[in-house]
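The data blocks that follow each hold one structure.
Below are two complexes that have chain A in common, paired first with chain B and then with chain C.
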Partner chain A sequence: MKGLHIVGVSHAYGENKVLDNASLMIPAGELVCLLGSSGSGKTTLLRLAAGLERLQLGKIVIDDKIVADPEVHVPPDHRGIGLMFQDYALFPHLSIIDNVTFGLRGMAKPKAERRAMEMLGRVSMTKYAQSHPHMLSGGQQQRVAMARALAPEPKLLLLDEPFSGLDTNMRLHIREETLTVLKASGVATVMVTHDPEEAMFMADRIKILGESGRILQSGRPHDIYYHPQHGFVAKLFGLMNRFESVIVGGCVEIPLGKIRVKGLGEGRPVEVLVRPEGVILDSEGKDGPVIDVISTHLLGHDNIVRVRLSDESGAKEDEKELYVRAHHAFEPELSNRITAGVDPEYAFIFPLDDLGGMAGAGYTAWPQPHAAE
Partner chain B sequence: MAPTAKMNSWSWINVWSIGTVLIAAWVVLPIVAVLYIGLTPSDEIWTHLASTVLPLYISTTLQLMIGVGIGTLIIGVGTAWLVSTCRFPGRRLFEWALLLPMAMPAYVIAYVYTDILEYAGPVQSLLRDMFGWTTKREYWFPEIRSLGGAASMLTLVLYPYVYLLSRAAFMEQSVCVLEASRVLGRGPWRSFFSVALPLARPAIVIGVSLVLMETLNDFGTVDFFAVSTFTLGIYDVWLNMNNVAGAAQLAGLLLFFVVFLVLTERFARRKQRFHHTTSKYKALPGYELEGRARQLAIIGCALPVVFGFVLPAAVLGSYAVIYFEAAANPEVYRHAGNSVMLSALTAFLAVAIGIFMAYGVRLRNERIVRFMARFASLGYAVPGSVLAVGVLGSLGALDNGIDGFMRRNFEISTGLLFSGSIAAVTFGYLVRFLALSFGSVEASLAKITPNMDGAARSLGHGPFSTLTRIHIPLIRGSALTAAMLVFVDCMKELPMTVILRPFNFHTLATYVHEFASDEQLGEASLAALAIVGFGILPVLVLSFAITRSRPGHTKKDQSS
Partner chain C sequence: MVDLASSFLLECESLDLEHQHLADIVNQVVKVIDDGEAEKCADLVSEFVKSAKEHFANEEALLVKVGYPHAKNHQDHHKSLNAKMDHLIEFAKMAGVNHIARDSLRKELVFFLMDDVITTDMDFKSFIEEKAKTDNA
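Moving on to the complex of A and B:
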C-alpha cells in the first residue's frame, strides 16, 4: 500500500536505547503528526525514515518498497523523501533561488529556475530570490525551507519541529500558512512535534508516542481530545484535575460527584482525570460540594479559575485544589455560595493497577446528566 | 541488540571509510618501517652504539630539550603575560611582532649568528679593535657553535609557540577570577603566580611540548654546530657509517621521546577543556606600567623580536645587497622553483587528503575510521630524521618488490622507482604535515551542522556531490589557510629534504644549508631571505586573527 510503513524498529545510540520495537503506519495523502515528549524517539524515527540514520533492527517500507532493513540501506538521496529541519538548514553560501533549485538535479537550468520561482511564489518569497539566507527572518527562512523541500515533489515530506524556532505570534501565522501550502500541494506529510496544540491544529491524524517510540494512541484530533485511551494522552492537553478512587457498584466516586463506568471490574483502583472545562461551577449553590475561589486568570474568552473544595467535601488534601475553565462572564465575587460538579464527557477513567499494558485500554465515562445522583 | 551489531559490523565498508583507513595506513607506514627495521636483528651494531655514542646522544638531546624548554618557557610566558595584562607603549605592536621569529628557520638564524659572532666576525673584530687584543687567548668570548648556542638559536625562533598559546590562555581567563584574587588581597605579582599561571598551565604545557617536538626535529642547527643529538646521530650512523639498521634503531629510540611528548600534549589538551570556569569574558583592564617597570617591559618584549627576527633579517638583507651578483644566480631561481613546486604539490595533496579523511570520519563515525584518522595525524610529532629513515625504508622495500616482480615476469629491471625521487620527498612532507591540514579541515567541518548534510542528501545529492557543493565552499577559507601553512612548512623543511631529495636536486632550504655550512652565507643570503619571506605569511594570518578575535573586547574597547 501507499505510504510509510515502519515495522518493529529498534534503535540505540551506544548504550542509550531510543526506539524499542516501534511500529508505525502512515497512509499516503494525510498530514500525520507524531506527538511526543523529548526522548520519545520521534526525531530518530524521522531520520531513519529519511535514511540519515542507518537502521539497526526492523524494516522501513515506502510505497511497498523496502528502503531499509538490516541488509538494505537505500541512501537518502534515492528515497525521494523531502525533509525540513528544525533549524531549516538553508545553505548559507547559496542564494535563495539556488537553495531551492539545489534539489532539482537533472532538470535543465531554466526549467529548474522556473520551478523554483513557482515554489517561492507559493510561499510568497519571490522577491527574495536573490537574497542570501542570513538576510532573512526566521519565518522567511522557514518558508524557503519548505519551498526547497517541496520543489522536487517528494513522495513524502518529513517535518521536524518546523515551528519551534519561531516566536509565538509568528508561529500561529506561519502555521496556518504552512498548512495551506501543504494542503495545496497534496503531499503526504509527517510532522514531528512536542506541542499538542500544534498537532491538534495541523494534523489529519495524530499519533502519540510514549517512551521508546511506543504508539500510545492514534486517531483524529477529536478522538485524541475527547477519548484519550491513556492517562498520559489525556494529560498532554493542558491542566488536569486528578483524583484516585475505586469502582463501587459500576460507578466511581470523586469529591465532585459520582460517574458511571463501563467495563471495569468491581473494586479496581482507578485514576480519574477531569479537564478544567469538566468542572461545572454553580453560583446558585444548590448541589455538590462548596468551593472557595482562590484566584481567577483571564485567558480571553475563558477564565482559568483556581478553586478549593471546602473541608466538608471530604476530599483528600492533595485533591482539594482544582482548576476550572469558566466563561469570562463568571464573577465569583457576586455569589457567596458556589458549588462544583463534574461533566462526565470531560472525565476520563484509567485503571491504576493496569501496569504496562495500557495500549488499547480506554475506559470512557458513561454520558449521564451532570452532577451527582 | 547482539544480532544487530553482528549484522552491521561490516556496514562501515564504503569508499570513504576504506579510503580513510587506507590513507591512514599509508601515512603510518614509515613509522612502522622504522620499528620493523629497528627490531630486525642485525650485526652487533646496537651493542656497539649503546656502548659508544648512545649515552652522548641521550644526554645531549636531553640537555638541548631542557635548555630550549626553559628558554621558550621564560620568554614565551613572560612576553605573553606582559602584552595580555599590562599596559605600556608599543604593546599593540609587540602583540604581533613577537610572532615574527616564527618566520625564521632555526638553521638560518644559526648561520647568521655564527657569521656575526665567530672569531672573524664583526663583533669579535670590534672588541679586538676596541681593547687592542690580538689573539684569541687574550679574552673570553662565548662559543656560538656549542650546545648552549644551539639551545639559544632554537629558543629564539621557537618561543612564539609558547607565546601564542599562553597569550590566548591569559586572554581567555575571565577577568572575574583575577579580580577576585586581587580583592582577596593578592597583589598583581602574586595573582600571576597563584591564579593566572596555574589556569594557563595546560596551554603552556602544549606550547612547550610543540617546541620540544620541533627541537627533536631540528637538523640544520645541530649539524652546523656539531651538537651530537639523536637526530644528528641518526644521520651519522646512516650516512657516515652506512648502517641503516643502526639508524633505524636510534630512530626507534627517539620515538620514545616523541611518544612522551605526544602524551603530555594530549593530556594537557584534555585538561584544558575543564579549565574554563566561566564563559564571561571581559576585557582585561590591565596594569598601567610606569617608570622603570615600563622600560623593562618594553625591553623585555623588544629583545626577542630584535634577536629573533630584526637583526638576522637585517644581516641577511645587507648580505643580499652586497652579494647580490653572486646570490641572484639562475641556480637559485631554479631551486626556488623546486621549492615552490614541491611545497605547492604537498599543500594541495595534504588539503585534498585532509578533506577526504575528515569527511570520511564525518560520514561514518566508526571507531576504526576515527582511530586511523587520529593515528595518521601523529606525523607532526615525529622528527624528520625518523620519517626519512622510514620513508626510504618503506619505499625501498616497495621498489625492490616491483623490481623483482618485473624482472621475474618481464625481465625488465625497474631499479629504484620511488626512492630518491620527488615522490619520496612529497611522501615524507605529507606524512609530517598531514596533521596540519587534517586538523584545521576537521575543525571547520565540525562547525557545519549535520543538518546541512541531511538537507543536501534528502534533496537528492550523494555524498560526493554534497561535499563539493556544500562542504568545500563552506570551509574554503580554512582549507586555504591550511594549504598555506603546509606550503610554508614545506618551504622551510630541511631534515627530510636533505636525505630524500633526488641526486643534484636542491630546494631553497638544502641550498642554504649547503652554502651556509661552507661559510658562504653571502651566496645563500637571498635564498635564506626568500624562505623567511614565505615564513612571514602565516605570521600575518595569525596576527590578523589575533587582532580580530579578542574575547570580551568589542571594537569600541580597541579604539579606546
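Moving on to the complex of A and C:
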C-alpha cells in the first residue's frame, strides 16, 4: 500500500534508548505529526525514515519497498523522499530556480526548469526565480524550500519543525499554504513538531511520543485533545489544573465539585486534570467554592485568569491556584463574589496506582453538564 | 484503496485472513463513496465494527493461548479503540448527506485499520514466529 510503514523501530545512542518499538503507517496523501517534548525521539524517527541514520531494529517500508531493516539500508537519495528542515537549507550561492532544479539532476535541463517553474508557481514564487535566497523573507524561503522538496515528486515528505523560524503571523499564513500544497500533491507527509497547536492545525493524525521514546497515543486531533489516554498527553496541550482524589461512590470529588467516573473501581487514588476551559466561573457567585482573582490576561477572544480558591473550599495548598480560560467579557472588577465549578468534558482522570502496561490510561469523566455537584 | 502487502502480514493465517476481511470492507466503503452511494456506508461500517470486535476477541484468545507476555496490554489497546469505532459509526450515518463526514470516514477507516489495528499487531509478530519455530522443533 502506498505510503510510509514503520514497524517496531527501536534506536539507541549508546546506553540512551531514544525510540522504543515505534510503529506507524501513513497512507499517501495524509499528514501525520509526531509531537513530543525534546528528546522524545521524534527527530530520530524522521532521520531513520530519511536514511540519515542506520536502523538498528525494526523495519521501514516506503510504497511497499523495504528501505531499511538491520540488513538493508537504502541511501537517502534512493528512497524517493523530500526533506524540509527548519533552516530551509537553501544554497546561498544559487538562484531560486537553481535551488529548485538542484534536486532534479538527471532530468534534461529544459524539462527540469519547466518543472521548477511549475513548482514555484504552486507556491506563488515564480517572480523570484532569478533572485537569491538572501533577497527573500523567511516565509518566502520556506515556500522555495517546499517547492524544492516537492519538485522531484517524492513518495514521502519529511518536515522537521518547518515553521519554527517564522514569526507568528507569517507562520499562520505559511502553514495554511503548505497544507494546501501538500494536499494537492497527494504525498504522504511526516511532520515533526513540539508545538501542539501546530500539530492540531496540520495533522490528519497526531502521534504522541513520550519521554521513553514510546508512542503513547495516536489519533485525530479531536481524539488527542478530548480523549487523552495518558496524563502526559493531556498535559502536552498547555496549562492544566491538577488535583488528587479517590473514587468514592463512582465519583471523584475535587474542590470544584464532584465528577462521575466510569470504568475505575472504588477506592482507587486518581489524578484529576482539568483544562483551563473546564473551570467555569460564575460572576453571580451562586454555586461552588468562592475564588479570588489574582490576575487576568486578555488573549483576544479569551482571558486566561489566574484564581485562588478560598480556604473554605477544602483545597490542599498546592491545589488552590488555578488557571481558567474565560470569555473576554469576563470582568472580575464588576463582581463582588465569584464562584467556580467544573465542566466534566474537560476533566480527565488517571489512576495513580496503575503500574501496568496501560499505566495512566485515561478515564474521561461522564460528559454530562450536571455531573459536577 | 487498501492492499495488504507483505509488510502488513503477520504470517499467522487466521489473523491475516481476518485483517484481509476488514480491508475488503474498507475498500467497499471507499468504493461506495466514490460511486456516490455513501448512504450504504452505515451498513458497511456496522459490519466492519462487528468484524473488528470479533477479530479482537479471537486475537486476544490466541495471545493468551500462546503465552504472549504483553497480552493484557494488547487487550487494553483494543479497549482504547472503542471510542474510535463509535466515531466511525457516527461518521458513516452522516456520510450520505455530509461531505465532511465522508472525508473523515474514508480517512479514519484507513488509519484505524492500517495504523491502529494491523501495524500495532506487528508488536507480537516476532513472538508468534518464534513460538511456531519452538513448537515445530
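Assume the second predicted complex is superposed on the first by the 363 of 373 C-alpha atoms of A that agree within 3 Å, B and C clash if a C-alpha of one lies under 4 Å from a C-alpha of the other, contacts with A are read in each partner's own complex, and residues count from 1 in each chain.
Following the convention adopted for this analysis, a residue touches a chain if its C-beta (ideal position, glycine included) is under 8 Å from a C-beta of that chain, and two chains touch if they have at least 3 such contacts.
This is a predicted model, so every value here is computed, not measured.
Undergrad: Using the superposition on chain A, tell me whether chain B and chain C clash or fit.
TA: Superposition result for chain B and chain C: fit.
Undergrad: According to the stated criteria, A:S23 is in contact with first (chain B), second (chain C), both, or neither; which is it?
TA: A:S23: touches chain C, not chain B.
Undergrad: Looking at the overlay, does A:Q229 come into contact with chain B only (first), chain C only (second), both, or neither?
TA: In the superposition, A:Q229 touches chain C alone.
Undergrad: Pick one for A:H173: touches chain B only (first), chain C only (second), both, or neither.
TA: neither
Undergrad: Does chain B (first) or chain C (second) touch A:H5, or do both, or does neither?
TA: second
Undergrad: Using the touch definition from the top, say if A:R220 reaches chain B (first), chain C (second), both or neither.
TA: Only chain C; A:R220 stays clear of chain B.
Undergrad: Of the partners chain B and chain C, which touch A:V61 in the superposed model: first, second, both, neither?
TA: second
Undergrad: With both complexes superposed on chain A, which partner does A:P152 reach: first (chain B), second (chain C), both or neither?
TA: After superposing on A, A:P152 lies in contact with chain B but is clear of chain C.
Undergrad: Smallest separation in Å between any Cα of chain B and any Cα of chain C in the superposed model?
TA: 16
Undergrad: Go through chain A and flag every residue that touches chain B in one model and chain C in the other.
TA: Dual-contact residues (chain A): none.
Undergrad: Applying the document's contact rule, which stretches of chain A touch chain C when the two form their complex?
TA: Result: residues 1, 5, 7-8, 21, 23-27, 30, 59, 61, 64, 66, 204-205, 218-220, 223, 227, 229, 356-358, 361 of chain A touch chain C.
Undergrad: Across the complex, what residues on chain C touch chain A?
TA: By the definition above, chain C touches chain A via 2-8, 70, 72-73, 76-77, 80, 83-84, 87, 104, 107-108, 110-111, 114-116, 118-120, 122-123, 126.
Undergrad: Under the stated contact criterion, what part of chain A meets chain B in this complex?
TA: Interface residues on the chain A side: 10, 12, 17, 47, 50-52, 54, 56-57, 70-71, 73, 75-79, 81-83, 85-87, 89-93, 102-103, 105, 148-149, 152.
Undergrad: For chain B, which residues count as touching chain A in their complex?
TA: Within the complex, chain B contacts chain A at residues 1, 3-4, 7-8, 11, 449, 451-462, 469-470, 473-474.
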